[in-house]
Every structure is written in C-alpha cells, then in structure tokens.
C-alpha cells in the first residue's frame, strides 16, 4: 500500500514548544503502531506552527497543496486550531485537535474539523459536581477567570451549576491573557472568605495563580480547584508539595485503567522512557483516529475519512469513546484528580489520585453547531 | 496597596539593572530579560540540587554577572559605537540565544522553587494576610535600592560611568580604562537582573519565556522613571505596580492597556520621564 | 529713522533656561544691508540670542520683527521663508551628502512644502540647483561639489556652513563665530566674504576675533550677562572703558601685538 | 628632557598623516606646535596621548617609552591632552566633570579651579552640554589641571574665547608652566604663542619644517609668512 | 560619491521584477512566495523610515495588524468589494501611522524607539481588549481571497500573481518617492535634523509624512496577508511582528529599497528552512543576528554592493 501521510501542526518553537514536542512524540507512536498493524508505511510530518495562526495556516495550506497531505492532527492553541480547521475545510482535508476553544465544535464548527477534548461545559461539570457532593459545606465559591471566550465559557458553565445547586458565587476576578501577577486578585478573593477557590485559567497562568495562591496560604483556608489542568506537565512544573490537596480537572491521566490507555503507557515508556502526558496522549489518539479512519475508508479522501469518523465508537484512552456526528465532538470521560502528598506517591509521576470521572456534554444545538 | 508596592519593588528590581545599562551606557539592552531568565533558572537548578536558597541566589547572580561580563567583553564592546539599531539587533540575538539555551538545558516546561526555610507561609494580622517571602522581598529590595543609590549617585563611580558612556576616548585621556569600566557596569547591571530572577523564582516559578515579559515591564519602568535615574526606576516601578494592582480590580483587561497608555503619555508630556536628568 | 529701515529688530527679548536667565531685555535694531557684530564674554548669551532669533528656542518675553513683520511666534523652519538664515557655531552640515546636495537642500528649504511631494524629482527645481552652483562658485567649493561634506577640511566645512545660510537667499544672515577654528589665511578670506555679503544682505555675526570685528563692522553690540552692555561703532566700543574691562582686556587678537 | 618624540608616523586608514615628526619638550618648558589647517598638529598631539596609535616611531616621557600604549596608561604616566573638541561630558554637571578628573598628587584642587574660573563655579550645577562654547573651553582646561599632569598638551585652548578670558588663560598657562609642568601648545593665535612659548615648531605635510626659539621666531616674519601665511 | 549602478532606480526595479519572476522557479510553495513579496513590501516600507529617515520604529506591526483587521472586518462582516477594502486599509494605515508618527517623533533617539514600542504594545492590548471588533485572541477568520475577472484566486500561485502586481506597483511608487525631493529631504533629515530645520524644512511634517507612507504600504500588505492566509490573527499586531519586520530590514541593509526585498526573502527562507531542521532554530537566528551586527553592518545589500564594486573593478563606476 502507498504511504499514508499525517500532518502534525503543533507549536514546536515559540511559547508552547513543550506541548508541541510531546505532541510530535505521541503522533509518532500512533504512526508506528498503525504501520505495524496495517502493514503499510505511515508517516507523520511535523509542521511547526510557532503558535501563530498565520504560520499554522500557511504550513497547512502548503502541506495540502504541495505535499498532498489530507489528514491533520494537532493544534494546541485555540486560535491556531480554529484557523487551521477552516483552512482544512477550504482545502479539502480533515483536522482533529485537542484545543480548548468551544467554537471548534460550537459556533465555528465545520465539516472538516473534529475535536477530542471535552468542552468547557463538561470540564466544569465534571470538576465541580463531585466536589459539591463531597463537600456539602462548601457554599461560597470564588472564581478567577481569563477574560476571553474560553474563560467566559468556563465561567458560564460554573454559574449554571452553582445556581442549580443553590450555591453562591461570591465573586469573580477577570484577568488579561498576559497576566502574570495574581496577588491582587487573590487578595480580593480572600476578602470574600470563600469556601472554594475555582481557578478557570490554564497553562502557565494557571501555574502562576496556584503558586501565588499557595504562597498566600489559601490552601489552608479553602479548597482550591483547577477546572482545566494541563495534566502531568503541570504537576511536574509545580512540584508535588505545592499541589498537595488541590483538585484538578483533567482531560487525561496516565493511570486511567481503561481502553487503550495501559497500552499507550507501556508503549511510551518503552520508546521514550516517560509516562504519557496530555499533549502526548491527545496527539496519539488524534493521530490514531485519523489513520484508522483513513484505513477504514480505504483512502485519505476527505469525504470518505469524514464519513468513517462520524458516529464512530471506539476504545480510546478514557475507555469507550465516540465521535458525535452532529458536531464532530468526541464524547469521552473527564477526570477529577486530587493531588497527593509527596510521601504518598508511588512513583515520581504519581502526583494524584482520580476522584471521579464521567461525561457531560451539551447537545450540538445548545453548543451552537450547525454542520453545513 | 501592599500588593502594588510588592509588585512595584519587583518591577524596580527588574528595571534598575536595565536603567544602569540603558541610562548610563546609553545602550539599549534587549537581552536584559534573558539575564533575568538565566538568574531564575540557575537558582532553580541549584535549589533542585539541594543547595541552600541564599547561596543559590547569590551564586546565580554572580554567574549571570560573569556571563554578561564575558558577553560584553567579547561582543558588545565592538558595537557601542554603532547606532542603536545594532545594539538592538545584537541584544535581541543574545536574548534568543539564551532563551533557547535555557530550553535546551532545562527543557521547555519550567518549574517551581520553594521559598527558603523560615520565609514560608504567611503573616497574619487580623484581616491582613501577606506571604512572608513577599514581605522579605520588599525589605530586601528597599535595602538594595538604598545601597545602589548611594553607590551610583553619591560616589565618583557613577559620574565616571556616565562620562565613559559619552566618550570613551576622553575618559582614556583622563587616565581611565573605559573598557574595563564598561564591562564591570554591564556585568553589574545584568547581575542585578539575575538577582531579580533569583528572587522572583519562589513567587513566579521559572519558565523559559519569563524573560520577555520582564523585559517589557522593565522598559516601561525605565522609560516612565527617566533614563539613568535610580529614583525614577524606584518611583516608576512602584507606580506601575500600584496602578496595575488597582486596575486589576477596576478593569482587569485594561490593566496593561493603561500602563502602556501611561507610558506613552509620560514620554509625550515629560520628555525625560518623571525623574530623568537633562 | 523709521522701523522699515531695520531689517531685524527685537524689543525686550528675553530667554530663560529653567530658572537661569540667559538673555534679558534685549533691544536690537539692525539696519538693512549693514554688518552688525555681537561680541561679549563667553556665556553672555550671544548664541542664545541667535537661537531666539531663528526660533530654535522660544523667547520667554519680548518680540522679534523681521522686515516689518512680527515673527515672534513663528516656527523655526518657517522663519527661513521670511528671510532669515544662520550658520552654526559648531559646524552643522549633512555629513554624508555631497556638498552640492547640501546646498541644493538649503536652497530648496525656501520652498519646503514643494519638497513634500513624493513624486516630484529633486532635479526639477532648477532654481535650487542654480543657487547651489552659485554659492559653490562664490565660496570656491565647486571643486569638491561631489565630495561628502563630512570629508572636507575644517576650513572648507566652515565655508560650506556659511554657504548653507546663503543658499536660501535670506535678507538677514546670522553667523555664529564663522572664523572659529580657521587658519590665518582662511580668516582673511572669511573677512572679505562677510564684508562682501554686507553689500546685499544684512549680516549679523558673533565673533571673538577682534581683528575682524573692528575692521568690518558697521555697528557692534557688546553683551554681558544676557544684557546689552554697549552699542556703537567700532571706535566707540573700543574706547569704552567698561567694554575694555569686561571683554577686550589687553586685546590679544591673533596677530602678534 | 621630559618628552622626546622621534620619527613619529601616524595614519588614518590609509592616509599617511604624520610622516616622521620629531620634537622635544624640556621640563618646565612651553613649546608650540604651529601649522596650517590640516597640517597634522592635532594628530601629533593625539599620537602622543595615545588617542591615535602611531604606526611607527618613539615617544618617551622622562625616558619611559610610551608609544603604542593605550591612552589611559599614557594619561596615568602624566600626559594630559586637552582636545580641540574640548571633550566635555555633556551628561555630567560641571562639578562632576571636574570631580572625575581629580587625581591625588595634583597641585590643583577644585577650589583652586573655581578661583581661576569663577564662571565655572556659577554654573557648577549645569549640565556640561549646556555651557557656552567658551565655558566649555575653560572647563576642559580646568579638568586637565586637576589630573596633575607632568606634560600638558593644549590643542587650540583659546579658540572661541573672549579676549579677557584669553588673557586669563594665558596667565594661567604661565602659572602652570611656572609650577613645573611642561606644555606642548597648539594654537592659531600667534600672540598667545609668542607670549607663552620658549620654543616653536612648525609642522608642514606631516613633518617638522621649522624650528626656532621664542625670540628668533618673533624676529623671523619671513618664516611666519612662508609657513603660516601670515602677511607681515 | 555618485550612485552605484545597482542602486539606480531602474536597476532596482529590474531586480524586484527579477525576484517576482524567480520566486516561482525556485520555490515549491506559492504561499511562501506570496508571503515573501508581502514582507518585502513591509520591509521596504520600514526601510523608508529606518534607512531614509533614520527612524527606528517598533510600530510597524501596528499598521500591519490594522491592515489585516480592516480586511478581516470589511470582507467578512460587510462583504465590501476587495478594491474598496484595500483602499480603506491603506488609508486607515496611513491615518494611524500619521497619528503614531506624529506623537512619536516628538522625542528622539532611544526615547523615540521606546515610544514606538509603547504604541505597539498599546495597540496590541487595544486589539486584545476590544475582542468584539478584532476577534480577540481567536482573530478574525474566513477572510476570503479576491475574485479577479470572475475567478476566485484560490490557488496559491494565482494569488501570488495578484500579490506580485501589487508588489511591483507599490515598490515602483516607493522607489519614485525615494528619488524625489521628498526622499532626498528625508535623507537630509536623517543626516542632520537640526540643520534641516535651520534651512527651512518642517522636519516634523516630513517625518510624519514618511510614517504615513510607510504605514499605508504596511497596512496594504497586512490586508494582502489576511487574504492570503484567510485569517487576521492577533499575532499580526504583536510587537514580535514589529521586531521581525525590523530584523528583516536591518538584515537587508538600508542603502537601497531592494535591500529590504533581499532582507525579507533571506529571513523568511532561512526561518522556513531552519524551523524544519531544528526546533531550536531561534538559537541559530540569534547567532545570525549577532553575526550580521558584527560583520555585515550594511546588511546583505552592503555585501552585494561590495562584491559589485570589486567585480566592476572601480569606484568610478556609474
């Protein structure tokens, strides 16, 4: 059989290079595995988006026009993923991503774009409902939210859940996307004496918020919950001592014992000597989905691949997963983790235990997607 | 308010090294953020290896100063005479180099540095809660500010440095070895940036792109305060810190906007910044 | 004498730098087509007065009248169009541009808005080219027309400096120490040139070389501490005891006494 | 003999400016170096001071060879040049300009300087860049004195100065010489030169073309005409 | 001191034309080729400020971003015709550049640089804060390509042709401007601003005009870029963009306009190549910048000039 090409457009240089590096590794695992399984050459092509939408689109355009690549799995940042999705639709290709922006399978959804990560609605529901149940005394909540669409999405979902449960959102601090200093917001938060501090930002900002919250002694005074954690990388950067006792909502965790995950962990350890983190795992499963769909369709023809993906149910990294045909959202579990004390860690990556897992999704109509 | 001052002190510390280099050597140093980055990472590395925080901090600052001194002696002294364009080009190049080296050496992920023993935790006085380490940082920076002020404004050294920046040739005619003075000043300025990075590590952790943000803040502070003015760096640092903290509660998305608007207004209205000398 | 006899006059002109009063209460009346020199101790405010006259600094008090028109509040570059031009105490040329281009620009400066057109070719302004050629001829710079100004010898640069002022065909020409740094030979030449310029321009110049000042000035104004000390013909000034004490001293002026 | 310059050659890029200058200055002596514009006077002084590195030749101060050394070493050895552009630090105040020049062992203190040039004391808080041309010249000379030099080289020290100040400076230079400092003077103002100097050198085309003692020079209007273009 | 043959306007235009013709021969990617021409325009516009007027502006990204936002907003939300949008982008670019320029030139030297830097940050945060207009962090998507003679320029090379025509026209106009009284006066201002004012030139007006032209061209190119890529992202208006434009311009050199074309091409090709071979390519870029500053102060074009002088054997050339 002829060569199957998958483009991996991820930030390899620039501010999100860490994610790009792991994503590239995950994609390679998926390709190698598929090549062995299907007995055909499968190759991944890293496309460095530099984290910039314009560069991302240019690389994707070139890959489609010049290198005839029809399958793309990647996109870490919302802006680049949205733009690449559009480009794949225009250029006749398919794209699957793990990016956070709900528009991807919401208002800006399109027939060429798929998304593996759980939207903000599910993330919030799966993070805070278990906590509300476990901590009936936690009445007063305070949120820290980045001011843009992603943050608004998380905040909206939070408000809905709290209202439903009759709990009080005693305050919210918006901050800019470039903010690094959270002491002001944290002081405001402390003044409200909340029972729970819910952190709705992600990545480096989330790490900064947590660090500073812990230094203000907030861990001792309230429960801290991060709705959208980036997984193992984040724990490594923060360190176990700092994280201990904090709740983290996560798309993926390497100790999940379901579906393909044990296999992936073994494979990753064998090849790279590490445990898979979210970037690696997400990229692995996205790439795998694309390859499998192309194999099932018999070619990488965009329409055929799309047809193969729509409605597909499969064993994924979180157990049984399925691709919803109406908006191309993958339905999968979201996890709530609680960080362990350093002394309780079984190995160096055993930062947290899984408290709960489950699925919550808006209907495609409620998410605002109309596939044309 | 205390948050603002704490932040301001941090900004002062970031900016003061830049002011020394930028104001006194008339040199636009876009690599300043990279030295800050390096200071933070060295501290992180040393602490990870089990070194005492204080020692790590001092060592990091000294190493950064030595690195910067070497960079100056090997590279920068060849370009002082060229227009600003080339200062920017070279220092941007150095900044990129250091940043990428940091990623190569320590990976792209970043990490946390624990506050030193005894400065962990918070001070509580009624409703007032403040991390000990931040209080310490304010005090430390204040002492440093006074010491620096004395060293640079009240001693001949300050005058010598400024004179050397204007005309190395004429300083030579007066018997000064300006090459060495320049190297020392550059190293000191960069060392301060390294120290700032080391001090900040327990608060902000370390990550490879922290230098870029630091640089832009440092620029704002130096420009608002006035080139070459320590007092300016101090006042502007605190001003920016306080404004940013206050804005954060009033109109958070606009906080940065206000700072840059303020900076533009200051340069347009007050040619030399708040405290710049003519 | 009516005011129109004066090419340039000031009433109560004053300049302060911060709190420091560099120029105060200066009344000047420069008659048309005369050579008028300004002398005075260092720091007396001579250059400052030139700055005020050309608009480099804004006066803090008083007014300036050029050819009967009040120019006190007119911007520096606009004053050129009203007929005033200057040379600087410290040579100020376009160092990387050829001599001819320096002068073409100076001539073009009389009609600067025309130059703002990004489509008009520089060579289309024939008048400016001619002026540049004339000035070069008069200052014996034609031979170095295509050399960058920065490569000229000091004396040539000083001549070009004066040429820059001449090229805009000003009615009043201000020269700040035109002979500073010149050799004895060049000084003689400059002396002749200034005298010559006095025929068809009004010349106002600052000079410390008494050999020139006393020989070619119609009127001399002596300044001290930002104010006018004495004004009059060379003979009067030379004889004034106050001037002798404050400025002239024993008159070591360049020649062997 | 304090300063001995022998067969000095200097270049700017490829242009060979000094083509074997030789001259001497004795202890406590005032010697001039005259010549037309561009003859190489300033270049000679700069080559001695190390601001221009001579390509060839010997410069020795009290027997110690200095040629080729960096400027700051030569300055420390006791040679001070007051350059023609005056070299004022415009970012520093007048007082700071003076302070950085102070050297232990100098016969002059800042107070002495203010006594000589009261104008500087009046403007001492001013930025160096804000001084009038003449004030800058005073400051530059003052600064040189504060370094306590053994050999003072002045490049056109009275250019642009008011006659009274010229008088004053001539008087001061005399005092400096009387205090035992040797002086090498470049000056266009012949009156100043003859008033001060014991010996005169005229440089032409990068070589010393004429050499005479003070009195001889005053008598020799021919030479002045020939080398300096002074119409007798 | 006469102008070198290779710096004469006709030769410069010829070189630009040759570049336009050569890119398709050597590049597989029409998008990269279009991008090169677009950045070449921007770098040339930057050179108008840096090389001709002596103004080191960190504000070029503002105008670039404005151009792409204008294209994004008016093509997608209002469906205006492309030509009208391009005119609007150009005019708005000129207007904002006039404002930024007029405010910035009130200061000189380092302070000028810092002011432009401040404005660049300011506009970035404006774009970020007013997400309703700019799409904030997501940017504006679905920017369509123009339709020419009933044919949508969907393929990369057809859009390249479109870009090339724009490029040549604007390059020619800028060349003309540099040769005009205006351009020559700018050079004088660069050489000695005080003197330029003293001989009667309203220096601020000239500098502001230079900004306006530079901003207009940059914004036009920004609109082209948005159409090329199909998005108008926030990154366009970031100060990184300004920095990159400056680097291209400096690498090219500032003695002629074509130098900027060379600089932009070299930068983009090098970046494209390096980023494929090593993720840490920015490290190499950093080294390259240092090398340029130390050894190639007149930029790549300076090198070409030197080779030319050597090849033609004499300076009397021209």
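Of note:
All chains are identified by letter, namely A, B, C, D and E, in their written order; residue positions are counted from 1 within each chain.
In the analysis below, a contact is a pair of C-beta atoms (placed from the backbone, for glycine too) under 8 Å apart; a residue touches a chain by one contact, two chains touch by 3 or more.
Quick caveat, the model's predicted, so the values are computed rather than measured.
Common neighbours of chain C and chain D under the contact definition above are absent. Steps from chain C to chain E, minimised over paths through touching chains, total 1. Centroid analysis (C-alpha atoms only) places A farthest from chain C. Here A-E and B-D were compared by C-beta pairs in contact; the pair with more is A-E. Centre-to-centre separation between chain D and chain E, using Cα means, comes to 51 Å. Taking each chain's centre as the mean of its C-alpha atoms, chain A lies 74 Å from chain C.
Inter-chain centre distance (chain B to chain C, centres taken as mean C-alpha positions): 48 Å. If you average the CA atoms of chain A and of chain B, the two centres end up 36 Å from each other. Listed for chain A are residues 17, 21, 176, 178, each touching two or more other chains.
Touching two or more other chains at once are residues 130 of chain D.
The set of chain E residues touching two or more other chains comprises 125, 128-129, 280, 282. Contact annotation for chain pairs lists A-B, A-E, B-D, B-E, C-D, C-E, with touch applied as defined.
Residues of chain B touching chain D in their complex: 156, 159-160, 162-163, 165-167, 169-178, 228, 277-278.
The touching residues of chain D, counted against chain C in their complex, run 36-38, 84, 119, 123, 126, 130-135, 137-138, 156, 159-168, 170, 188-192, 194-195, 218, 228-231.
Interface residues of chain D, counted against chain B in their complex, comprise 49-51, 70-72, 75-76, 80-81, 83, 87, 89-92, 96-97, 99-101, 103, 127, 129-130, 143, 147. The touching residues of chain B, counted against chain E in their complex, run 22, 26, 28, 75, 78-79, 82, 84-86, 88-90, 92-97, 99-101, 103-104, 216, 219-220, 223, 227, 253-254, 256-257, 260-261, 263-264, 267-268, 271. Of all residues in chain A, those touching chain E in their complex are 12-13, 17, 20-21, 48, 50, 52-54, 57-58, 61-62, 65-66, 78-79, 82-83, 86-87, 90, 101, 103, 108, 148-149, 176-178.
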